[in-house]
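First the structure, which I've put down as structure tokens, then a few questions once you've had a look.
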Amino acid sequence: MTEGRRVWAGLQLLDRQLIAHEERLAGCIDDLELIASDDGDQLHVTAILSGPGALAYRLGRRRFGRWLRRVHACASPTGDRDSTRIPFNVVTDIGSDVKLGLDAEETGSASAERWTRDHVISHIPGSGHAPE
Amino acid sequence: MLVIVVSLAVLAWRMVPHPVGAARTYGKYQGKAVTTAKSALSNVETVRLAARTAAAGNAFGPYTTVVISDAEEGLSGVQGTFDSIQPPDDRADALAQDLDALLSDALEHVREARVAVRRGVLDELATVAEPLTDDAGKLDAFKEQHS
Amino acid sequence: MHLSDLLHSQVLGADGASLGSVDDVRLVQDGPLLLPFGAAFRVEGLMVGHRSVGTRLGYVRRGVRGPWLLRIIFAALERRARYVPWDDVVAWDGRTVRVGKRRDELGVVVP
Amino acid sequence: MKKMLQITLGILTAIGGFVDIGDLVANAAVGARFRLGLAWVVLVGVVGIIVYAEMAGRVAAISGRPVFSLVRERLGPGFGLANLVASLFINFLTLSAEIAGVAIALAMVASVHYILLVPFTAVLIWIVVWRLPFERMEQVFGLGGLALLAFMFALVQFGPDWGNVIHQATHPSIAKEENIFTYAYFGIALFGAAMTPYEVFFFSSGAVEERWTRKDLALNRANVYVGFPLGGALSLSIMAIASLVLAPMHIGVDTLPQVALPVAVVSGKIALACAILGIFAATFGAALETGLSAGYCLGQYFGWQWGKYVRPREAARFHVVVIVMVLLGVLVIMTGVDPVKVTEYSIVLSAAALPLTYFPILVVSNDPDYMGDKTNGPVLNFIATLYLGLIVIIALATIPLMIITKAGA
């Protein structure tokens, strides 16, 4: 990764599509985690936050966001209110989308996807057949 | 967002069938009568055209049936809506009777055409639908006279 | 801390006057190593203005080319914003960013 | 050679896929009511969809980003979400209308009331979404839609005085019993029918499904520059034949079967059968497109795995969304709402919602970050800006007009 390169977080990172192994779409960058350096006067981006929890937190300042957060809190099948934290070091490329060096299973909105798959889709015949 | 809320409201309002608001003056009532005659005419003419086409062997039964029964539904709907409007005065009353007579005749003849096409006797359809020519003429005259 | 906390924070100048809110955050990749990714992104500065659709388009920051009319309008909006180098930030409590300079001492946003 | 074949196929698909229940109803109704007084609007709409779809297709091919990812990236999650809700709602109306259209098309040959056919229709739609590969799906129904050429055939066979037709179309005038508001309202309906957002969601998502790259830009141009205008010509012939056969008899188009009546009158059984087949294919294809578009929009906003290029179990939420949407559509139609009304609302609101998705695409297609050297040229940008102005004005005018004209009543 090119050292010293500059990006505008809002413009080039936030809301971008995450791509996991095998070109799987794996949620969006809903927020970024900032950690202060030891001396406390610098902020570093240490992780990508992805998933309904993070999106709800970000929209939380608006009425709708609070609503979304409540919905997510009760609707969240696995009961996890919090979003997935993806350590920044697994990022392999930043372009019009952001590529990650891990499986879609391990990322942001995976839990809801898994739940839908296991409880709904996989019960329908043909769900495992390749379309082509 | 606002657009959606408003349009939702408009939509809900328009999609549920509701009687046309009462007409307070003769003029208003006459206006509604003309609109009614217009859409009635449209349905009658549809049936005539469909009947002629089917009789000429240019359309098959199922299609003709659908077109004609749609028109029948439309026509009775139009009549129902018109009857639901209170005539404001005696003149309007007379007007209502004239138009209602026309509508009832038309509906009767459309029904006959529908029965014929359901029986599948497409070649007779032209003769069965013949009276509709007269109905169409009258509706058209009514429309012209009152607008 | 979340980036979105910073993004929505109010910004006060040295004279206590409001400069608006944080519209975007500029990152530079020169932080501690996060292998295999590389150096971490560090907050280098803030784009401070009055949140508007324009701030999401990047006519100035990313040199979006056209169309002419939109470029005129949104570049103008973007230039109303000020750029605050992180070194000029005195404090950030998660809601308010205090800057050690006044508006007129701050530059405009550059690519 | 293979490339040529692919491009030809693409064009044919675009022609057939261009027309949906909105175009069928709007063009026939307007033709019967205003003759060719609004034909020019179809041209304006077709140019609009060309500009919009070309940009969306190019962005998808170059950056791999479909419409709704861009909506969120450029407008932010808040406004993007409002946008998502609006688009889903309109998309849902369109889907319902298309489902009704398919059922009605079947009813025209089965002589069963269409309501009874709606559930069956929905199952068919779902099976295709579930099983048929994307490209096959697009081709089957696109090519099937070509049967609508029966309308063009009937028009030619009718042999109107073309000079007069051209004159009518080029000298629009408002009939005495109409007023400027209804004229404008139906103008918007026609425009919305030609320039429907879901067509672009589907087009750009389809480009991603088919893994377009910069090598496919030629295909993109062919579809858009050749396919869409021919689709527009098809719409115009539906309008023209209605204006020639129905308008003189004071017949207004209130139902889908009436749309095909002129074809039967002029060209007989076979042509009628083709027209009905065409209506079936066009509405079925559009039902698939709108159903999938719902999944595309949601999936792209939230970043879910979406699309038919993976196994259903690998895009679980996407498929659930499609299923739920189709079921809701069935419910709406089963309540017995007038499908033609639903269609009219869907296209009018489509026109109203256009700026929401058009604007981000216009900006991104100028953004070197996404597009590299394939950003818009100055001419395209000029036209695209004019259209931005136009659709904003339309968006502002729609709701007031809807209320003034009692939705064109």
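Order as written gives the chain letters A, B, C and D; numbering starts at 1 within each chain.
Criterion: a contact is a pair of C-beta atoms (placed from the backbone, for glycine too) under 8 Å apart; a residue touches a chain by one contact, two chains touch by 3 or more.
All values derive from a computational prediction rather than experimental measurement.
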item: More contacts between chains, A-C or C-D; value: A-C
item: Euclidean distance of C-alpha centroids - chain C vs chain D, Å; value: 41
item: Euclidean distance of C-alpha centroids - chain A vs chain C, Å; value: 23
item: Centre distance in Å when chain B and chain C are each reduced to the mean of their C-alpha atoms; value: 65
item: Chain A-chain B separation of Cα centroids, rounded to whole Å; value: 58
item: Multi-chain contact residues (two or more partners), chain A; value: 12, 58
item: Junction residues of chain B - those touching two or more other chains; value: none
item: Overlap residues in chain D, where contacts from two or more other chains coincide; value: 73, 76, 369
item: Chain pairs in mutual contact under the definition given at the outset; value: A-C, A-D, B-D, C-D
item: Residues of chain C touching chain A in the complex; value: 1-8, 23-32, 34-44, 47, 55-56, 58, 61-62, 86
item: Of all residues in chain B, those that touch chain D in their complex; value: 1, 3-4, 6-8, 10-11, 14-15, 38-39, 41-43, 45-46, 48-50, 53, 57-63, 65-67, 70, 74, 140, 147
item: Residues of chain C that touch chain D when the two form their complex; value: 53, 56-58, 62-70
item: Residues of chain A touching chain D in the complex; value: 12, 15-18, 24-28, 30, 50, 52, 55, 58-59, 62, 64-65, 96-97, 104, 108-109, 112-113, 116-117, 120-122, 124, 126-132
item: Chain A to chain C touching residues, read off their complex; value: 1-14, 31-37, 42-46, 49, 54, 57-58, 61, 87-92, 101
